Amino acid sequence: MRTGDYKQTYGELVALVDSPPVWLWSAVLVLALIAAPHVLNSYALSLLTVILITATGALGLNILTGYTGLISLGHVGFLVTGAYAYAVLVAKYQMHPLIGLLGAGVVPAAASLVVGAPSLRLKGLYLAITTLAFSFIINTAILEMRWLTNGARGISVQRPQMFGVSFDGDAAFTYLCLAIATLTLFATLNIRRSRVGRAFVAIRDNDTAARVMGINLHAYKLLAFVTSAFITGIAGALYGLYLSFVSVEGFPFLLSIEALAILIVGGLGSALGAVLGTILIGLLPEATRIILGLFSAQMDALFTTGAQELKSMLYGLVIILFLRFQPRGLVGAWHDIRRTWVHWPLRY
Amino acid sequence: MPTTLPTSTHAAATPQAVPERDCLLEFRNIRILYDNAIEAIRDVSIAVPDGGIVALLGSNGAGKSTLLKAMSGILYTEEGVIENGSIRFRGEDVHHLGPDELVRRGIVQVPEGRRVFAALTIDENLQMGGYTRTNAEARERRDRVFALFPRLHERRDQIAGYMSGGEQQMLAIGRALMTDPALLALDEPSLGLAPLIIDRIYEVIVRLRDELKMTVLLVEQNAQRALDIADYGYILETGRVVLDGPSKKLVANEDVQEFYLGISASGRKSLRDVKHYKRRKRWLS
Amino acid sequence: MQYLLQLLISGLAIGAIYGLIAMGFAVIYKSTGLVNFAQGEMTMITAYVAWTISTTVSGNVFVVAIGAILAAVVLGLVIERVVMRPMLGEPVFATVMVTIGLAVILRSAINFIWDAYPHGLDVGMGRGIAHLGGIGVRTGQIAVIVTLLLLLAAIWAFFRYSKIGVAMRAVAADDRTALLMGISAKKVHALAWAASSVISGIGGVFFALSYDLSPAMFQLGLKAFPATILGGLDAVLGSGLGGLLIGITENLAGGYIGSGTKEVAGFAMIIVVLMVRPFGIFGERDIERV
Amino acid sequence: ADPGITDTEILIGDVEPLTGPPALLGVAASIGHKIAIAETNAAGGINGRKIKYVLEDDGYVTARTIQGVKKVIDVDKVFAMLGISGSGQSIAVMPVLEKAGIPTVIDVAPVKFLWEPPRKNVFVIGQSYEEGIIHLVNYLADKNPGKKWGLITQDDDYGVTVRDGFDSVVKAKKLNVVYSGNYKKGQQDFSSDMLQLKESGAEVFLAGGIIAENIAMMKELEKLGVKPVTGIFWPGRIEPVLKLMGPAGDGIYAVDYVEPFAGAAGKAFLDKAKPLVSEAEFKGINRYTMTGYAAAKVLIAAIERCGKEPSWACTIAELEKTKDVATGVMAPISFGPGVRFSNQKLQIMQADTATLSFKPVN
Amino acid sequence: MTALLAIENLSKRFGGLQAVADVSLQVAPGEICSVIGPNGAGKTTLFNMISGVLRPSSGSIGFDGIDLATIPPWRFAAAGIGRTFQNLALFKHGTVVENILTGRHTHLRSTVLDAVLWFGRTRREEISARQRVEHIIEFLEIEHIRDAVVGTLSYGQQKRVELARALACEPKLLLLDEMVSGMNQEETEDIARFVLDIRDELGITVLMIEHEMRIVMDISDRVHVLNFGRKIAEGTPDDIRRDPAVAEAYLGGNRAATTARTTTGADA
């Protein structure tokens, strides 16, 4: 039985994870993920890859929207910028893939300085609309700058070869995504428990008080944009690699909404929530497929043409029901479970 | 056997004590949980007699506001539930009723921190207070509120959010009076108000009781003021009633004097001379 | 000159449709504090119902209009009662997310019930072409502009003067206190959803009249939402005018700068306006006091 | 043995947009596949094996296309693939298909990238957009010499391809282009674009929209009181469009490589399809049903030729040997060593509003 | 002795409303000063200008030898100004500890990159910050709510967290806006004791707004009175108690008498 929260040193107080069971389970999870590419078939593996890439992107958005409270309706803009930065650098100018990945972070980060600038004046949805505008404007810009981006034709990208390792194989590519997703998770967790992360959250919860605490609102809002765009851009490059083809069409606006959905379903403002949300949203189509598969024989007979619509209706329904019963997201559910455990039968 | 069972359970469910005839509101053995885990109110019974002022005192976090929220039926908005006990209004169990129904029956509260509708004008705020009443009734009440608080009349077209704290408090009370309540609950009405204004507000409270025969449940930190006008008082500590009695008797209680009125055996002492912050209250030991 | 007038008229016509849907957004926002991501889909359903009535029951303009309005009311009420009401008191983000889920369901439902082909709405009028001093315009386009202006006036008065209109604002500002005043948040929300559904539904029907129905119609929501922001989220009047402004800007840009710049011009205009007025043209600044 | 084959069954996979606006093409194509499969199954299947059709929806989202294709290959373990979504989507799955080595016949969105360079296992039936537009513009240019031209295209790869084809004829024939527009995918209001077209005085107009866009453009032109000679391409050549365009659509030209439904071959196809599909599906038939049908026919024929124990290698070899296979819905289809593109013959048709149909010209 | 805070002819207008009009006042180091005045007199507005929430319409604020108009508002904290808010401005989704840690912001240095790596400086810094926070928690006796989410605390508890957060800034001047409103006698006594200790042990100068006359009269060294944005009186508590203008505008006749009486009782 764990006895509670008695810490011997201040170092323990600031530790990322303070309980051995959590370490244990994390280790098990990591081992499972490392083993995954060897046991999964290529379809399941591609699902895993997409989830890892999406989780990276969601963690990026989480910094901006979850931590700092700046709603972005156009995050796909950073995703597509990152993908193009990589494609242009590596496929067009034959740079080293590592430089490509770096560029995929840096270019959107630079763009985010422009997008973030209005955040000094605009709040909430008014700011959100400028991010939305950005994602449309960036699409137009990419289509117009044919000399650099091939315009509407898009750019084909090959999976990279780095440090003598080819990431062409599905397993290798999954490892790459796994590594980046894990790094991102640790990075965002560390940011959250540092001075910077507290500043972000302070801005979200009460910007006047934050300023009185000595937080430079302008700088930190921009910093949130830059950090978020950097991570999202890298996710964009991975996504482009996954698609093997970078084009404006491959990054539909709906991705922005889906990313927000992931955060909310996971539990806004929590890195763990972003990851859990990605898993839930990523596997939901699979789940609806399985549920409908149980009735597939009857369904095919009943609805020769509407089966797919039923499936997406079911998808929407599951999201609504989930939020109805777990409005604070998966992280909320997790806390409830834990608290009921701790407080059981009742602790005062 | 099967035929007797229902009657016996029914008999058991009926409370033993028939409500006192002149008791307008009564909390009976109330227990309240937040988030299914935090017990804010443990086992509280409070009776508010018709036409009187009852003061509810207690330190921060004692659960005073929680009781009022329960009374108004808005606990659910904060994940709070009444686990046990009942709230009776005019002898009838009301704790399952919705907030709008409670207002219609005559229970209204002025919430902690005033909470005026910031973007609405003073007139519109008052209009919202009279939401459950007909237009004619509302007009009549509004005139009465304006008579009570002439200042509101002066600034009736102003946006409420930009008024000073005292004006907002007046508005919040005025708005509650618009519902024409039988029971008016005030959650710390003197919070953040200048002494002069507090005087005025307390005058109004007394007038409401004396002239309109309104029953008042007064949650207050300023024990001196509250006990001055109240007929009866309850002291709440960590979710339990630790002391109650007619206010005269409470004022005379040594503990109350020391902890709530700041008077020790040697008279009122200066705050400069307070030495220790943490003392145990006698009724807790 | 004629060129400019023609651009302006067409801009007003499409802008009026954006404006109507934008008002739908604003009505819900103003009384519930929510952005309804399913607004475009609701608009679309009303338009499709209107089309179904016109092809199966009667193509008479009054029958179709009344049928569509009733359908919009029912749609709004059902959504409020079944989907939104259980979320009352839950965090705003979760509730907004529910509207996203709702949008997915409605969109698929439309494809499920109707097909993916475009359809034209024929109510015996509105498709004719009138010539105003040499400028061609469809009568339906004139009608939508007039309708928008009338609705703007009506709604402005409603929120300003009617008790229930004020109550809607009160609920949006602080629903818990509104509850304490005996205002039934449920009724207020139901009314808002019904009204919003009708207003944007009208926009949808006019759209079907002038531009045909197609499964891509829900994207109108994506056009109208910026209009709402431009006018001011909590300003119903402003959203209507915001729609007109976007319609005109897009058309002028398309006509003078070049095709393909329409969308960007609309957004650029919004950004410029917001930098000057951070809460939209008619929006009210948050009251912040510390 | 290769996957997707049991003693009684043979699995064929497909990924199409079955929801959202592009469902118009995805559903129609899948119906074409179903008709061919039903026809074969009714005749006893492929050498005794019934064909089972595994269909996935991608919602026109590239990432989902990739996952869908991986799913039908890895989880359902199909024997061959048909169709495959839009052009961007099929380009993106090309590496997956190539790596898997599964026999594939693409029929929905023929773009050069899919057959240049030729991939061993991927065959494409149809004609490139460039060739289509070149054919149409040449025809219109010859019929309307010395006229002023206007063109509007969508801002995606489809639009770019159309524009490239157009430009090549413009150069060759020195056409006088007075208007060249470009619209955003999903644009619904074309008033300013058409006004510009009118102002430019264009007499011949190529409407590069897909479906709803062309309708909106034609109605806008009607409002403005102009009626240039108009040409559209096959993606928009579906009959319901004519009803919506009304008189504005009368006489517009279209180019396509599949037979119009108004012709004898089209009617025969509909008669054949009627008993094989449900009523709702029958309503969903359009030109993409024909391309889908042709692709399925060619694939089935190739598998059939492999006899009792079909394998991927054999199927691919047989597909390569496809020579003048008649499907009844387009010109006979051929592939060859190093030739993965069937290069269908094009024809010009003209809309007839009275009968709501496209009729072949000359 | 030079003043720590020197306000000269400070004014603030909101549209047509003159919230603060031509106010001058000085606070010496180590003083406990009070600002009193009727509701809407402009007290909070004055604080807002001193703490950088609002920019003055005219006039100047000198603090510790610098003119505050010359530095951006977010530097005020680093310059040594800390405050609490009348209507609570906590980060309500965070725990008590997190809220107080945020107060340490200006005393920490790590950047995003340091934070991402989380060793060396960042770790050391965080540990020492945490140490300080624990001291403050102990000092203010809020150990039991240390890990509670602030939004769920009662009003009075939240006020204490505000105080703790302001202390974490290690200010030279602490602005307390109605610290004891909503607190009962006992808690008021606690706060009075804290304020005295803050000054005596931590050497922090305190400027407080209060409506609670007991604390104002008992512990402040000087009192400034505002009415309709203007300063109408200044002096020791005793001066103020006797000032007829103050009695009329603010205290009310009988009120002044009561306070006078009780305090005299204590003196006796």
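For reference, chains read A, B, C, D and E in written order, and residue numbers begin at 1 within each chain.
To be clear about the criterion, contacts are C-beta pairs under 8 Å (C-beta built on N, C-alpha and C of every residue); 3 or more make two chains touch, one makes a residue touch a chain.
All figures in this text were calculated on a predicted structure; none of them were measured in a lab.
The minimum number of touch steps linking chain A to chain E comes to 1. The minimum number of touch steps linking chain B to chain C comes to 1. Taking each chain's centre as the mean of its C-alpha atoms, the one that lies farthest from the centre of chain C is E. Compared on C-beta pairs in contact, A-C and A-D come out with A-C as the pair having more. Ranked by distance of CA centroids from chain B, the top chain is D.
Chain geometry summary: the mean Cα position of chain B and that of chain D are 74 Å apart. Measuring from the averaged C-alpha position of chain B to that of chain E gives a distance of 30 Å.
Distance from the chain C centre to the chain D centre is 36 Å, each centre being the mean of its Cα atoms. Look at where the CA atoms of chain A average out and do the same for chain B: the two points lie 47 Å apart. Shown for chain E are the residues in touch with two or more other chains, namely 53, 85-87, 89. Shown for chain C are the residues that touch two or more other chains, namely 107-108, 111, 260, 263, 289-290. The set of chain A residues that touch two or more partner chains comprises 140, 208-209, 309, 311-312. Across the complex, chain E meets chain A through its residues 51-53, 72-78, 82-83, 85, 89-94, 98, 101-106, 108-112, 114-118, 122-123, 125-131, 134, 147, 165, 169. Against chain D, the residues of chain C that register as touching in their complex are 3, 6-7, 10-11, 13-14, 107-108, 111, 115-120, 129, 136-138, 211-212, 214-217, 219-220, 250-255, 258-260, 262-263.
Against chain E, in their complex, chain B makes its touches with residues 34-35, 38, 57-62, 65, 112-113, 162-167, 188, 191-199, 221-223, 259-262, 267-272, 274-279. Listed in rising order, the residues of chain A touching chain C in the complex are 118, 121-123, 125-126, 129-130, 132-133, 136-137, 140, 208-209, 253, 257, 260-261, 264-265, 268, 303, 306, 309-313, 315-317, 319-320, 323-324, 327-329. Every residue of chain D that touches chain A in the complex is listed here, in rising order: 18-19, 27, 57, 59, 61-63, 66-67, 70-71, 73-75, 88, 91-92, 94-95, 155-157, 159-160, 184, 277-278, 280-281, 284.
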